[in-house]
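Next up: the structures, one after another.
Next come two complexes, and both contain chain A; in the first it sits with chain B, in the second with chain C.
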Partner chain A sequence: MASVLGISGLYHDAAAALVIDGTIIAAMQQERFSRVKHDRALPKDAALSCLRFAGIAPEALDAVIYYEQPFQKLERVLVSTLRGFPQSFRQFPRAMRAQLADKLWVLDAISETLNVPRRRVRAVGHHESHAASAFFPSPYERAAVLTLDGVGEDTTTALWFGNGNTLTPIASTAWPQSLGLFYAAMTAWSGFEVLEGECKLMGLAAFGQPIHREELGRVLLLHETGEFELTLSFFDRFTDTELGFGKRLEQLLGERRDPLIPWDLTTPRDQHYANVAATVQCITEEAVLGLARRASRETGACNLCLAGGIALNAVANARLAKESGFDRIFVQPAAGDAGGALGAAILGSIALGDRRPSAMTSAALGLTASASDTVDLCKHLGLSARRVSDPAESAASLLSENKVVGFVQGRFEFGPRALGHRSIIASPETIAIRDRINSVVKQREPFRPFAPAILADSCSQYFDTEPSDMTAFMTTVASVHASVPTPIDAVLHCDGTARIQTVTADAASGLEAVLRARVRRGEAPILLNTSLNGRNEPIVGSAIDAILFFLAHRVDALIVEDVLVERQT
Partner chain B sequence: MNTILKFGHRLHTTLQLLGYFASRQRFFLFPLMVVLLLGGLLLILTGGLSYVAPFVYTLF
Partner chain C sequence: MAFHPLLAQLHARSIARRPKAAARALARFAKAERGSMLTLIWAATHVDSPERRATYLEQAYEEQRHGRMFSKRAAELNGYASSEPSVNTDAEDLFIALGEIRMLAFLYRGEHRAVVEFSGYRDAFRKAGDAKTAALFAEIVEEERHHQEYPLELIQSLTNDPRAVTRASRYVAAWEAWRTMRRLGQFMAGLLYTGGMTCLYALLLPLSLWVRWVRPEVRGLVLAREWSRNDRSQERG
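Let's look at the complex of A and B:
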């Protein structure tokens, strides 16, 4: 019977998660409070919000677990920069400043910030946290677990076997052999920002052909054993950690795309970047597939859990589901570093004798938005707000009029996906509405796709898949049938696939009610769902964030719990 | 939280770090860590680079 707080932070996507008596009580990212996207700061606000939500004081915590071993990390940074001398000469002061200024002392800082005795604060491994965040909230008793990211302390890829309350390490790959490094470097080469642009690269891939296999096959070698090998001379990890790729990669593929030039996929220049993106996607899928097949061979498990930044590649996950040989696959919705906080908390809880958590059915682990705050703020700002008796019916009515609606219901989500609690929703029928949201509301690249949210029991009417452990959290894609009951052009990728979310009342009751209301009105049980945020902004958390979003972005209406805010024309 | 307690935490962590390097037989990292940590301590105690800069220039 223990209360354990997990913390991730000081790199990117800082978060806190609270587990009490083996139950996941809350999990929140710091960016939702600080309003700094991918905020790396020690997540004091998120941690205190988790504790306030549970109604416990920091002194009552039995343990606080940080998601990474600071000494091991420092050792790796020191040894790899010394090995890389003299190329690493310029990076050394920056790396040391980062390590010695805060990362080395992070356990002390957590103790002092939260006012928890230092002896109760400890650390677990980065990939162990990832593996725990994937396996323990999964619905499986036994599973192979793959963790794939840029780098933890020293490990970049790890295979585990999860069985009941235990996780056993099977194999690992050490830095700098890293799929995350490869994907991040290609993201930067394509003119996108690392950590922000990986999903853009994945979206861009759908517009190209994988015709650069020969060139990229020299950069990332795939062995028949399932292992991969980077040719390190193409990467410049010592002198330019922002970009990661070296001059030799530019000699192979051409110059890095200028991020300031607007995208136009009808030009040969941008088509080249799309073709490279398609090849990067293809080769990444094959690398992950090789690792998954090896995981199947070595563990004999029927189920697979995935975590780490690479696990957010929904297209690769779909290919795994089809070709890896596993019966079921689970990807925890906060598969990136934020999820490390959850894994750390669960590891701490199990170490103190608690059971593992029950299967995660919803990502809504944050705070609620206050309807009364919304009314007060709207009154203060002179906005037109009114209480409605049936918010789902109001939303469905607005969608029928082709309106774009900000939709805030219940607790905000944990992880990068908006799953109906902090979403922008719209009718999925026409390309025009996708283009409007891309250009006017989200102000982002025109090729960026949107995702469909569909009632779980209607999924097979539109897509070639049944609801699965991944579709509930939008971590896979599915192909649309050649003939569907109603057009859904706004949510389809150009290759006829979509990153689907199957909606149930358990996972997102508010969104499910809107879909049911649409069915009652004789409309399709599907809608466009994208995150409630603008360009380079974190997803909305509180009612105040929602109103600020409404003021800054041209959505037609905003629904916060039972408060409808409409734009006055 | 008082400064002495914070200093105690840092000292404890420093000793744990040196113990960790010793357990890993990374003895070659000791001198580097000692210089870096003393440099850091000097910066903290003097309140910033402006006081330390003349010594840094003399040393290097």
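Let's look at the complex of A and C:
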């Protein structure tokens, strides 16, 4: 019977998660409080919010677990920069400063910040945290676990076997052999920001043909054993840690794309980048597939759990589901570094004798937005707000009029996806609505699709898949039937796929109610669902954030719990 | 925006006819506006009064809008019509650092500086014939004037003390001077550190040779000992 707080931070996507008596109570990212996207700071606000939500004081915590071993990380950074002598001369002072300034002392900093005795603050391994965040909240008793990211302490890729309350390491790959490094470098080469642009590269891939296999096959070698090997001379990990790729890669594929030029896929220039993106996607899928098959051979398990930044590649996950041989696959919605906080908390909880958590059915692990705060704020800002008896019916009515609605219900989500708690929703029928959302809010590149949310029991009417452990969290894609009951052009990618979310009352009761209301009105059980944030902004958390969003972006209406805020024309 | 007004005017004149330099300056302003926006959002989160919360939120929205306007114009001056690059900034939670009254005094001082400096930029761009950038500054200056006025009124109403504004302003002026000193100190320490570490790095040549020998890079998957010993046979079986 223990209360354990997990912490991830100081790199990107800092987060905190609270597990009490083996139950996941709360998990939140710092960016939702600081309003700094991918905030790296020690997540004090997120941690204290988790504790406030549970109604416990920091002193009552039995353990606080950090998601990475600071001294092992320092060792890897030292060894890595020394191996790169003398090219690493510029990186060395920066890397040492980053380690010695705060990362090495992070356990003391956590103790001081949260006022928890230092002896209760411990650390676990980065990939172990990832693996725990994927396996223990999964619905499986036994599973192979695959963790893939840029780098943890020294590990970039790891296979695990999860069985009940235990996780056993099988094999791992060490830095700098990293799929994360490869994907990040290709993201940067394509003119996107690392951490922000990976899903853009995935979206762009559908517009190209994988015709650069020969070139990229020299960059990332795939072996029959499931292993992969980067040709490191194409990467510049010592002198340019922001971009990651080297001059040789530019000689191979051409110059990096200028990030500021607007995209135009009708030009040969941008079509070239699309073709490279398609090849990168294809090779990444094959690398992940090789590792998954290896995990299957090693463990004999029927189920697979995935975590780490690469696990957010929904297209690769769909291919895994089809070709890896596993019966079921689970990707925890906060598969990136934020999820490490959850894994650390669960590991701490199990170490103190608690059972593993029950299967995760909803990502809504944050705080609620206050309806009364919304009313008060609207009153003082001169916005038109009123309480409605049935928010779902009001939302459905607005959607029928082709309105774009900000939708805030219940606790905010953990992870990068808005799953109906902090969403922009709209009717999915026409391209025009997608273009409108792009022009007034998202300002996305033209190749980036929006996602559909559909009632789980109607999924097979539109898509060639049944609801699965991944569709609930929008971590996979599915092909759309050639003939569907109603048009869904706004959520259809150019390759005929969509990153679907199947909605149940357990996972997102507010969104489910809207979909049911649409059905009652004789409309399709599907809608466009995208995150409630503008370009380069974190997803909305509180009522204050929601109102600021409404002021800044011309959506037609905002629903916060039972408060309807409408724009006056 | 921490320039002396005279320096700001000189700077404005020097960049007004050079689009790339102007774009860089506007990008810096976008960053500063975004910092102000975060400060005000945090203030809105901390304060209990719905009225003041709304006031801070409204200004946060305007600062956000200013940031976007600067970013957009910077992109245009760089020759890109529609790009709006992401802007990251360092911001401080002044509500926590200073308290609400002094934060308001800080806002007043910051907005006052912005009005003076942006007016200089407006005039410089107007003289240089860049009507679009001049109009952008003119619009922002008008809104900053309002931002400059309300903090003083709010301090008066919160304290009921006619001397509170003066006291808070003096404190904030001293705090800003101390912050500038600290930043200068950090900058100097950073230079010393980088120099020292670079020297240390040069001395690490023998160690680097040893590391390459004893810790070579490993490729492929390395099986864990725990797995080889215990689990593999059981699972296979």
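Keep this in mind: the second predicted complex is superposed on the first by the 569 of 569 C-alpha atoms of A that agree within 3 Å, B and C clash if a C-alpha of one lies under 4 Å from a C-alpha of the other, contacts with A are read in each partner's own complex, and residues count from 1 in each chain.
The rule is short, and it goes like this: a residue touches a chain if its C-beta (ideal position, glycine included) is under 8 Å from a C-beta of that chain, and two chains touch if they have at least 3 such contacts.
Treat the numbers as computed from the prediction; the structure is a model and nothing was measured.
Contact with chain B, but none with chain C, is seen for A:R118 once the two complexes are overlaid on the shared chain. Judged by the touch definition given at the top, the superposed model places A:K322 against neither chain B nor chain C. When the two structures are aligned on the shared chain, A:R386 is found in touch with neither chain B nor chain C.
When both complexes are overlaid on chain A, the residue A:H223 reaches chain C alone and has no touch with chain B.
When both complexes are overlaid on chain A, the residue A:W105 reaches chain B alone and has no touch with chain C. Of the two partner chains placed by superposition, only chain B is touched by A:L74; chain C is not.
Chain A has more of its residues touched by C than by the other of chain B and chain C. When the two structures are aligned on the shared chain, A:M96 is found in touch with chain B and with chain C.
Once the two complexes are overlaid on the shared chain, A:H481 sits clear of chain B and of chain C alike. For the contact definition in use here, the residues of chain A common to its chain B contact set and its chain C contact set are 79, 96.
By the touch criterion given at the top, residues 71, 74-75, 78-79, 96, 100, 104-105, 107-108, 111-112, 115, 118 of chain A touch chain B in their complex. Within the complex, the chain C residues that touch chain A are 38, 41, 44-45, 50-51, 53-55, 57-58, 60-61, 64-65, 75, 78, 80-88, 91, 193-194, 197-198, 201-202, 204-205, 207-208, 211-212, 215, 217-224, 226-227, 230-232, 235-236. By the touch criterion stated above, chain A contacts chain C in their complex at residues 33-37, 79, 82-83, 85-86, 88-89, 92-93, 96-97, 157, 159, 161, 168-174, 176-177, 193, 196, 223, 225-227, 229, 259-262, 294, 298-301, 373, 376-377, 379-381, 443, 535-536, 542, 544-545, 547-548, 551-552.
Partner chain A is touched in their complex by these residues of chain B: 1, 6, 9-10, 12-13, 16-17, 20-21, 24, 26, 29, 32-33, 36-37, 40.
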